[in-house]
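Paired with chain B in one complex and with chain C in the other, chain A is shared by the two complexes that follow.
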Partner chain A sequence: MKPAPFTRHVPKTIDEVVSALAEFAPQDGRILAGGQSLVPIMAFRMARPTHLIDINEVEGLDRIAIDGDYLSIGARARHGAFHKPVIDGVLGKLLAFVVSHIAHYPIRMRGTFCGSLAHADPSSEWCLVAATLGAQLVVKSVRGERIVAVEDFLEGIMSTSLAEDEFLAEARLPLLPADTQFGFYEFSRRAGDFAMAAALVTYRLVDGVIVDAHVGIGGAEDRPRRIAEAEAVLNGQAPSPDLFVAAGEAAADAVEPLEDILTTAEYRCDLVRAVTRRALERSLP
Partner chain B sequence: MTAHTKGSGTTWVGRSLRRVEDPALVTGQGRFTADLPAVHWVRFVRSSVAAGTIGSITAPDGAGIVTAADLKSLKPIRPMLSKFNYVAVGQPILADGVVRFTGEAIAAVYARGKDEAEDIAELIEVEIAETSPLIDAIDALADGAPLVHAEATGNVIVEGRIVTPGFDEVWKTAHTIIRVDGRSRRQNATPMEARAGHAAFDASTGRVTLTCTTQMPHLTRTAVCDIIGMPESDLRVVAPDVGGGFGQKMSLAPEYVLLVWLARKLRSSVAWTEDRRENLIASFHSRDQHVELEGAFDKGGKLLALRGDIVANVGAYSCFPTTSGVEPLMALAELPGPYDVRAYHCRSRGVLTHTCPMAPYRGVSRPVITFVLERLMDKAAAFFAIEPTELRRRNLIDTFPYTSATGLVFDDGSYKATMEMAIAAIDLRSFRKQQQTARENGRYLGIGFATFSERTGYGTPAFAARGMAISPGFETVHLSIDPSGFVEARIGSSPHGQGLRTSLAQIIADEIGIDPEFIKVVHGDTDRSPYGWGTFASRSLVLSGGASLIAAQKIRAKLVKMAGHMLEAAPEDITLQAGSAHVIGTDRSITIATLVRAAYHQVHIFNGEIEPGMTETGTYDPSGTFSNACHVALVEVDIDTGRVEMKKFLVAEDAGLIINPMIADGQVHGGVAQGIGNALLEEIIYDETGNILSSTLADFLPPTSREIPEIELHHIETLTGNSITKAKGLGEGGAIGAPAAVISAINDALSPFGVSIDEMPATPQRIRAALRSSGKLPSHGRFA
Partner chain C sequence: MTDKTNITLNINGRNHAISVESRRTLADAIREECGQTGTHIGCEHGVCGACTVLVSGEPVRSCLMFAQQAAGKEIRTVEGLARGDEMHPMQRTFMENHGLQCGFCTPGFLMLAVGVLEKEPDISDHDLVDVLSSNLCRCTGYQNIIKAVRAAAIEMRQS
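This part shows the complex of A and B:
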């Protein structure tokens, strides 16, 4: 259980990162950030990059700061950085609540926010956050920079629209209005395991009714995404037990559930129904 | 010279002495097999398919590789059993022409580095003509099923039957028949340390030292030497610190034979460290048993007769030394458990399949039969509309010695008393009220009781009854006090986490009047310890403890005789205490250290009445003793997701005299944790092609501390005549009772839905599927 041989490169600047990537990506080169997903699959030799471009010594990549109306999260910002709210307001609280569900403490001290997005595991909490809130992703290469919306970035199970020479340099999460309600609920077999289904909901209450509902579901389909059918159930309605049940039903009806030898589509839908409703229950003030 | 004075006459047995094993382990100073440097590192090339015929094996030029063709001089591993229609199938050290499970070793590659060996192993090409595999035991039993071994007709490797006289007449008198069809899926014992072996050839003596993660060093020496055909005096087997075994390290690993053979061939040192994936797919598996059970009850809820049919999937080969009869035959003998039932009819079969071989795992069949039997009792209680504990009260044995329908003799125990203690401690009556209130609010709490016996500390007769060619049993202890005054106990047991060094020192200390800190227990080295059987089957405290006591009694007698001589007193007037021999009622005394020096250096003063030196041997081979306990689980089941939350666990345990309460409690805690894993989480899964899907710890799920609730412990100490220390074993009880209690609690929680969960692990998927098929789920969830 040792990785196949590889060469490690340690660039010091983003320019060096993208040049190295341009040079080595065609020879199966990969970015190494926290390594909490990549290194285990390398140990099983399921991934066998011949070059690793290690971004751990690039200055400034751990930046987390407000830039205008969004929160900028650098490529090496680690999960653990979010244990305490990184900013005042709802978004900081939301990220701090979600982060405690990611694996275990030692993993959170190494793994990175952007690494999770680039790895694109369907059960990733950060992919769910990005999808639900509508993240913008800053992608760099020697060819230049482009900004990609999350729904165009996540393409499927461990699959993104990143070109092989592109580097996910930064994720931008929109700041949330002060009156935003949020709720998150995740189902896994044991504490810290991959989510078998998770829901993140945000909305605002205006005159007692829900507006701008976002309902994101992760772990159930090939990628986390917003479920418009569930949002439609919620928008314009006052929160109530029946409404939340109906939203759960709508989400369960809308997803195309992943199946495996243990988990039937029917069961995955049961979980979607439950996590959606419970995330909504947790969102109440 | 050492003065043994610190204890000032206190009794050491019964105290929670801190474990002498721990300082090294918790400060990173432990010494494990994988810590040893080696010249050559071995990597095994393993089969990627479950069944097939091996064609060519192609290696890169210059690669160091061993295949079956190189091992023609080695005998196969062929454990023997002379009863129960056992078929003595053989296992080659490396697959020889045929592969029988995914993960079976086909070749061994060796190189100067661990990584290099892995890189070369990856380049070995093995052609296998795949055949269709048998994964499930029921499929393997079907007419016309292909044979895993040609000599084992119908794929049955062992079959035992017991029918008590007049069974049918009793059966006919039943008021009601209750049935359970129980299934416990496949597991892996998952010790923290996977297996590792290191074999070093010594050119000056021609000997090999095999250091490995074994629970039985002497049996490993015997087996390896038999297979290779070498004198046992040329092989030293060392078990250094071993990071848990649970039975998985009790059975002979073919890999160790290869290492010794290769070390001799290369006249060098070779090492192998198993990785977690190898451990999960190719070490040894456990459980995978199917028990159909019927109970005939009279109208008062008294169990009259039991009829069972047990099928154990034993995998592709038979494990050495117990044979794969170990699980099905123990199930056959112990299925009636702690209940008084005179009529018994049971068939138990071990079935070969194209899966990883089975080894005994903590509890050996009893976690499964206890779970099924306790389901039967719970279902009967529901039929009679009484508390499950009331039904047990009407059926538990309570006069001793009790001879079971299968001929087992139960010594003094507290089957009913531990249950009553548990009922009181958990406050069953208030729980029922709380449960009712919760249900009205859409929450489903459940309580489950498991009452069971744990056969421990059994000697050669119990194993011989199974017809084993190798009948484990006795233990020997060589106890010495050297001229420095320090005590050394060399034992044949091989503890690997049980704290036995501490417990034995406590037993010896009380007998010879020397504090435990002066007593060192030596084990796990065939050059230093007497021939023994190792540590398994909840035996070591009873057997090595008994042997230690016998040896200590001899040392004591000798010291007393010497003290009598030197103090001019009658031996019966001498006591040994706190490092000195005292003449009772006087101020005359002499230190034990002085006596010991005299035994070595002044032996002439005893006029030939004392043998020189201070070494005695104790051997103990008892019939065995039964521990008992009542386990209680409190759970909440989330009906929307099927998830089970453990709220609390309680154990009322009787393991006789407790030598070290802290160590005893630790054994129970660990066993309960594994039992919860068995009940809820752990499952090795093969797909229909024989590919194993749970080959990492992301897929095979042992419980973590977050899944284990508070465990409350209570003890009763019934002093048995079947153990000279009065201690009973308790290594397995935690794992035996917990699965049954947890499953019982889940079923209690779900009783409003009329479902019966009779399969372990009770995964959320299985629970939710059962709830869905009940048709009684509420159409709307709750609003918490």
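This part shows the complex of A and C:
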């Protein structure tokens, strides 16, 4: 239960981070941000990185601010920063609602938004938010910078398109129009446990009908993603209990559910059906 | 790779000059190098909360932080709660409300509750229950812990 030996590097700038990564990633070097997933994995010796590049002393990486039409979230912005809305408007409220579902309070004091994305756990709330809202991710290395859409970033269970020398420096979430409705619902056995299924929905109501519906499902497949079939059920229709049931059915039909020793595919689909409907019920003004 | 680094941990206002490997967790360093054994270690992977301490005023799992990361920061442990012979209100209300039985989880619960209430003195009862779900207790069934923390919250708001 003790992590294996490693060498700790403490860069002070992003340039130092990416050059350390370029040098040590080929020797199983990794970024250490909040450490709330990595350190337990190291304690179990499931990960034995020989070098850790600790980004906790890099200036400015905890920045959370509006840049143009998106919210910029720095590589070390911690979950706890979202407990109170980080900005006025719907997006700040959405993030504050979702964050209370992430692990527990002390974990949220250390764990980071971008760390969750890079870890890419299928049940991660932040991965679901990024997938549903259409995040853009700023990835840096000594080779330069590239911007990756979330659907090209999340590749599978704990798997992303980051190259080994690349650093997720920033996540960009699009700001939401002021009339956006949102609803989030997560099912887990105990407070703070990994979600067995979760749904995030956003849409706008124009003349009483739903437009621009986003339905994201997490914890059910190998990565969170939008479910176009459920969105098609909603778009152009007035919200109603029957409509929400139909959207849940469409989502459950569309997913290819993960199975584990406690969760059959049939049960997971039932959960998808329920969390989708409940998220929609919570979205009503 | 197993080279040790000299660091200073400031625990409850006192500096401890120690030498630790990079893999040494803060929890182990507090207990072994600094001799402050009030902080307990349960699961060593961030689930149980027994090792919760305050770092720069925030409750954190000290088993999920490396000691070198806490160098120079203000660390508070259960040993720093009482003022001489006078218990912290949180310690007293735990006693008065039977908020502990075996006591193994108690230091973690005390630091969690004190840390959150110092940051958010007006936290709602509902949110407080959510905070207390962070840590595990196998004796009390939690009800008396909730009672104790609510009683301490009232006292801490008044003082």
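Criterion: the second predicted complex is superposed on the first by the 285 of 285 C-alpha atoms of A that agree within 3 Å, B and C clash if a C-alpha of one lies under 4 Å from a C-alpha of the other, contacts with A are read in each partner's own complex, and residues count from 1 in each chain.
Rule of thumb we're sticking to: a residue touches a chain if its C-beta (ideal position, glycine included) is under 8 Å from a C-beta of that chain, and two chains touch if they have at least 3 such contacts.
Just so it is clear, the model here is predicted, and its values are computed rather than measured.
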Which of chain B and chain C A:19 touches, first, second, both or neither: neither
First (chain B), second (chain C), both or neither touched by A:100: second
Partner chain(s) touched by A:270 [first = chain B, second = chain C, both, neither]: first
Which of chain B and chain C A:242 touches, first, second, both or neither: first
First (chain B), second (chain C), both or neither touched by A:44: both
Which superposed partner A:192 touches (first chain B, second chain C, both, neither): both
Which of chain B and chain C A:72 touches, first, second, both or neither: neither
First, second, both or neither for A:35, with chain B first and chain C second: second
First, second, both or neither for A:5, with chain B first and chain C second: both
Chain A positions touched by chain B in one structure and by chain C in the second: 1-2, 4-5, 44, 190-192
Touch list for chain A against partner chain C, complex: 1-8, 35-36, 39-40, 43-44, 50, 52, 54, 56, 80, 100, 104-107, 109-110, 190-192
Partner chain A, residues of chain C touching it in the complex: 1-2, 21-23, 25, 28, 44-46, 49, 52, 58-61, 63-66, 68-69, 112, 116, 130-131, 133-135
Complex interface listing, chain B residues touching chain A: 114-115, 118-119, 122, 275-277, 638, 640-643, 681, 685, 687, 693, 696, 698, 701, 703-704, 706-707, 763-765, 768-769, 772, 780-784
Touching residues on chain A, where the partner in the complex is chain B: 1-2, 4-5, 44-45, 187, 189-194, 241-242, 244-245, 248, 261-264, 266-267, 270-271, 273-274, 277-278, 281
